[in-house]
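Naming follows writing order (A, B, C and D), and every chain is counted from residue 1.
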Amino acid sequence: MAKKAGVLGATGSVGQRFILLLSDHPDFELSALGASSRSAGKRYEDAVTWKQTSLLPESAKDLIVSECTYEAFKDCDVVFSGLDAEYAGPIEKEFRENGLAVVSNAKNYRREADVPLIVPIVNTDHLQVVETKLNAAKAKGEKRPGFIVCISNCSTAGLVAPLKPLVEKFGPIDLLTTTTLQAISGAGFSPGVSGIDVLDNIVPYISGEEDKIEWETKKILGGLNDAKDGFSILSDDEIKVSAQCNRVAVSDGHTECISLRFKTQNKPSVDEVKQCLKEYVCEAYKLGCHSAPKQTIHVLEQPDRPQPRLDRDRDAGYGVSVGRVREDPVLDFKMVVLSHNTIIGAAGAGILIAEILLKKGLI
Amino acid sequence: MAKKAGVLGATGSVGQRFILLLSDHPDFELSALGASSRSAGKRYEDAVTWKQTSLLPESAKDLIVSECTYEAFKDCDVVFSGLDAEYAGPIEKEFRENGLAVVSNAKNYRREADVPLIVPIVNTDHLQVVETKLNAAKAKGEKRPGFIVCISNCSTAGLVAPLKPLVEKFGPIDLLTTTTLQAISGAGFSPGVSGIDVLDNIVPYISGEEDKIEWETKKILGGLNDAKDGFSILSDDEIKVSAQCNRVAVSDGHTECISLRFKTQNKPSVDEVKQCLKEYVCEAYKLGCHSAPKQTIHVLEQPDRPQPRLDRDRDAGYGVSVGRVREDPVLDFKMVVLSHNTIIGAAGAGILIAEILLKKGLI
Amino acid sequence: MAKKAGVLGATGSVGQRFILLLSDHPDFELSALGASSRSAGKRYEDAVTWKQTSLLPESAKDLIVSECTYEAFKDCDVVFSGLDAEYAGPIEKEFRENGLAVVSNAKNYRREADVPLIVPIVNTDHLQVVETKLNAAKAKGEKRPGFIVCISNCSTAGLVAPLKPLVEKFGPIDLLTTTTLQAISGAGFSPGVSGIDVLDNIVPYISGEEDKIEWETKKILGGLNDAKDGFSILSDDEIKVSAQCNRVAVSDGHTECISLRFKTQNKPSVDEVKQCLKEYVCEAYKLGCHSAPKQTIHVLEQPDRPQPRLDRDRDAGYGVSVGRVREDPVLDFKMVVLSHNTIIGAAGAGILIAEILLKKGLI
Amino acid sequence: MAKKAGVLGATGSVGQRFILLLSDHPDFELSALGASSRSAGKRYEDAVTWKQTSLLPESAKDLIVSECTYEAFKDCDVVFSGLDAEYAGPIEKEFRENGLAVVSNAKNYRREADVPLIVPIVNTDHLQVVETKLNAAKAKGEKRPGFIVCISNCSTAGLVAPLKPLVEKFGPIDLLTTTTLQAISGAGFSPGVSGIDVLDNIVPYISGEEDKIEWETKKILGGLNDAKDGFSILSDDEIKVSAQCNRVAVSDGHTECISLRFKTQNKPSVDEVKQCLKEYVCEAYKLGCHSAPKQTIHVLEQPDRPQPRLDRDRDAGYGVSVGRVREDPVLDFKMVVLSHNTIIGAAGAGILIAEILLKKGLI
């Protein structure tokens, strides 16, 4: 039987995508929508300015929007949060304290020691922290505790996807640079990125983004610590990360020009790097998750690929494309990585995380 | 009295810009136009599909286009070449052999040991090779020899502009990376970049471009060798350069996210780097050249600048803008550099080079 | 059993879309590909520069491309032609003369008296000309004759879709104007529309397009003549059509601002116009064709719709969206029509025409 | 001596352009800046987020922004208002009541019987209403009265420019349609048009715009009534106007596809229409106004012009371009009109109006 799913921030950009992805999902059934008091009490169709390329799902039209209170979501097996960081803090906390499972796109709890920061094609092993917590409560006969799992920042998701198999195979990376060319959909639409800023233009700055990439990469590539209830975040001695972020006139799909150096002196060849990426199968696919990409990383051989318009929809946006793998005169290798920022980088990642939680028996 | 100027490849994208910049120039008078045999014999207005934002200058309309033979340009004091590399080789060679001064945008002779590769706000000292040659001929009572001066690749021009003063002040750079976001105007318009390739898209590849940046930087930042008739190009031991090039939906203005490491252990501060860039005055300005930028490098303090649409026209496109100077976790410093690719990166550079040649008595 | 389908011009823009739409089609099986002699003899994957957002179908990769000769296609039940008008004339003629059924996107035979010009959601009754011809041959015991069915121009398709039900219900239209804002995909990609022409720009001209809209509308809205072997094209006395065509920075989806006046003095109301459009069900859908839109015309009530990015994919691009239906101070009504130019306006229309031919027993 | 000029709404999009145009103006000296209380008291450089392609003029940097009270502007000879309609009403009224001359870009008073609605290359004769008012006060020995002159809506300005000479020469137009493709700069930048709305998209709607075009055209093309203190607005019997407005991905420059029918049966030829447009010289130019276009209307013969990127800057944006003049199967003639929306359609028009007021001795 389908699990009951709620969506917080349901009228916003991320919320709309959660609803779209849930509308014909085999595992979940949309059962509660939360938004601001301005929308509360209205039918969803009346509350939302729907701006997706697919029509508003029939199943969502008549749902009544409520305020983002725990009471309204208490029957949900999982709650997806598309709330702005401005509002997410106390709401998600209240939900967790009341035993709910929250999968959040907001940045508020990403740095917390016991909150997994998950890219669902990368570090699903970090969910063990949740498992440990649930098991401990069960062992003690306590009420099932709530928890928050955070979706990573969109540009981090694309970056770490190819890094994971490379580190697994060739050992630690000690230097990593990325220059991003980021799509505008990630910024939402009220107002989001101003048209005059991206028409015949580049904005070489996204507030807070470079910092997010630099530290999130260290948590996601880091391990679990001994206590199994927290993460060992990589230090600057273990990996130095440098990001330069640009906003460009692309609707969906973040392109990143990355460069990296392995710690090992025993460098792999370009072909070994490509082979490693091609062979990578994410755990979500092995678990049989509905949305998991059949091919996690698409390695492209054409010299001018990946391109956002042509390649962002691989595996419905859950696959990542890597092209132009070549030696780098400064570090070891450079390559171009493309990921769909609203799928594997935001709402879609949330859905796949929930599918994994379900397969692992955590919701 | 104005010097007579010729333009090769007059109907093309670069040729049109040469003509526009020459049309009301105080030092030069447009006197000969060369194009393919298809255009030869026609009035320029009839031969060209004019695609500039300024109207076709009245002074150019009635000039008769000739083929690109030496004979048709023998009275020119300087010849600007906007020829495609496919045709430039033998034509420019013939012109040089016949004693003409050629300023070329084509790549054909850039690597030659006695051909200066000039960014006119950067390495005007390299013109000494021409001066030495002319003086030697004069001393021997020989006929004045022809010569070729090459304009650098557009993306190299923006990159080396801030590097020059930094190297002068803080010593050699040993590691340098640049990720470019390049405008489409550089690719000309018949057909140039296809619309479908840049609409809602990025093309992470420009044929030959990364290689050009990597070696041209080494020649431009290199010195003159002892013999004064050639250049000492920096080796990989002296500077390692890595470029990643992207084509983006911008009409004019190349943005580059660069990162660099100085050889010295005695690192300057961010403020010292900015101060150094602000204080730089290019030789062309000191010489009083008409087109030289009053401010060679504009250092911007706003967090989201430079932006191509807003900043590309500083000092009529001859000034370069640098923003976001900050420390880099991987190398020493990172910053964003913006330059106008058709002005300081192509036709405009050619005009300023000719102005410098004139001030130095070389034409 | 699936019918055998061939594609002419298989490496081009329209050809690639035919192949994509045929790759998992229940009625057709891709069995022959034709292109220029440069491609002939190669595997399709090696011959094509694939530029679709979906991957090249596995089923097409290994097909060997042949030249566009009748011999290579003689086993095909239907041949889709994506040939340029420059080449289509003699090739399509040869195919027809040899008994093949050709569905062509080229303009060459659109004006012929016995060639139906079909928008598959509009004037499927015009296929009766083919039926009559086939039956006549059968009655005489002759060999089954070949025929050509032409797909309309892309901007005509969107325009006539709402006109058809309106004319059926409210009688003839005597004045009709359309100003189009056309996507660049229709122009193909070698080179297609130049990037510099559509970046921060509009091109208020598409060669031949206005004329096509003006006369094709008259043929498509016209009837069958008595002899059942030709069409009565509407005259200027019956309908005057005026088109103004613009190329805009949109990838897919033609927007048209249309205005019309009915001949009748008994004008319908805005609501009656909208109701009529909503109720229209195209014959293709009634026939149960696989690709026929469930909702032929989507009438949008939001004031700022339809928009190409949001609405072009209705019913997989086979549905047409109409918005802003309102009274017009000059004619009777104005409205905005959006159609997907490569689906209902080109390759997709060809596939749906073939489905209709199959349902009607004509292939 | 330069007249003192004030700018209301100085930090906004229109205000910034007023300041830029005034910064090196021979007739005016920038002396007062007004904005919201949030900005009041600050240096202009500190109050504004400058988003123009030219640098913030040195002369404006140190001006102290005041609130928009009459007191702060009482020494101004002319006040330019770039206020949003939301605020303009009471402020402009107060300024007028206190004897100030206001040139306003806001829509609030455009419909008032004694407020001229001026396109400065079109209907400068309407300023007689101001003259009559000032003379009457003078005759009575009263204090010089204040007045408001309104700038027209941006899309109206381009439309009426070619209509004026046509009506003067060939008599009244009875039917007029325009479909606009409007630039985003007109919508300001906080936030203005959202990027996601214009990337790979068209928005076929601009709130209130069609209505403005339809009635403003009637006032601007109308005459002065007998009493010389008001306007005779054309009725629906005299001219019917129909507009369809679209927002497109263009930074500056509104393109309009227009079609018109003259009342006369004695139709001019296409060549006569073009000749009439070419010969038109606006009164502002005859008066010797600094910003008046040398060529009011540029008639282009190339089939694919005017284009916004290439043609919007004719005569510094004060000239209007007209192309594709041809017969129309439905009305008499169709043509494409391009005008620079922020110059002749907004701030620039305000400056030129003030220059005319000055030449006419009205300020």
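The criterion applied here is as follows: a residue touches a chain if its C-beta (ideal position, glycine included) is under 8 Å from a C-beta of that chain, and two chains touch if they have at least 3 such contacts.
Quick caveat, the model's predicted, so the values are computed rather than measured.
*Asks:* Tell me which chain's centre, taken as the mean of its C-alpha atoms, is farthest from chain C.
*Replies:* The chain farthest from chain C, judged by C-alpha centres, is B.
*Asks:* Weigh A-D against B-D on C-beta contact pairs and write down the one with more.
*Replies:* Of A-D and B-D, it is A-D that has more C-beta pairs in contact.
*Asks:* Could you work out how far the Cα centre of chain B sits from that of chain D, in whole Å?
*Replies:* It comes to 41 Å between the two C-alpha centres.
*Asks:* Could you put a whole-Å number on the gap between the CA centroids of chain C and chain D?
*Replies:* 43
*Asks:* Could you work out how far the Cα centre of chain A sits from that of chain D, in whole Å?
*Replies:* Inter-chain centre distance comes to 48 Å.
*Asks:* So which bits of chain C are touching at least two other chains?
*Replies:* 51, 197, 199-200, 249-251, 309-310
*Asks:* Can you tell me, using the touch rule above, whether these chains form a line, ring, star, complete graph or other shape?
*Replies:* complete
*Asks:* If we count contacts the way the header does, which residues on chain C are in touch with chain D in the complex?
*Replies:* Against chain D, the touching part of chain C is residues 175-177, 179, 181, 197, 199-205, 207, 214, 236, 240-242, 244, 246, 248-251, 255, 257, 259, 303-310, 323-324, 328-331, 334, 336.
*Asks:* Of all residues in chain C, which touch chain B in the complex?
*Replies:* Going by the criterion above, the answer is residues 51, 184-185, 189-200, 249-251.
*Asks:* Quick check: in the complex, which residue numbers of chain B touch chain D?
*Replies:* So the residues of chain B touching chain D come out as 51-55, 199-200, 251, 309-310, 313-314.
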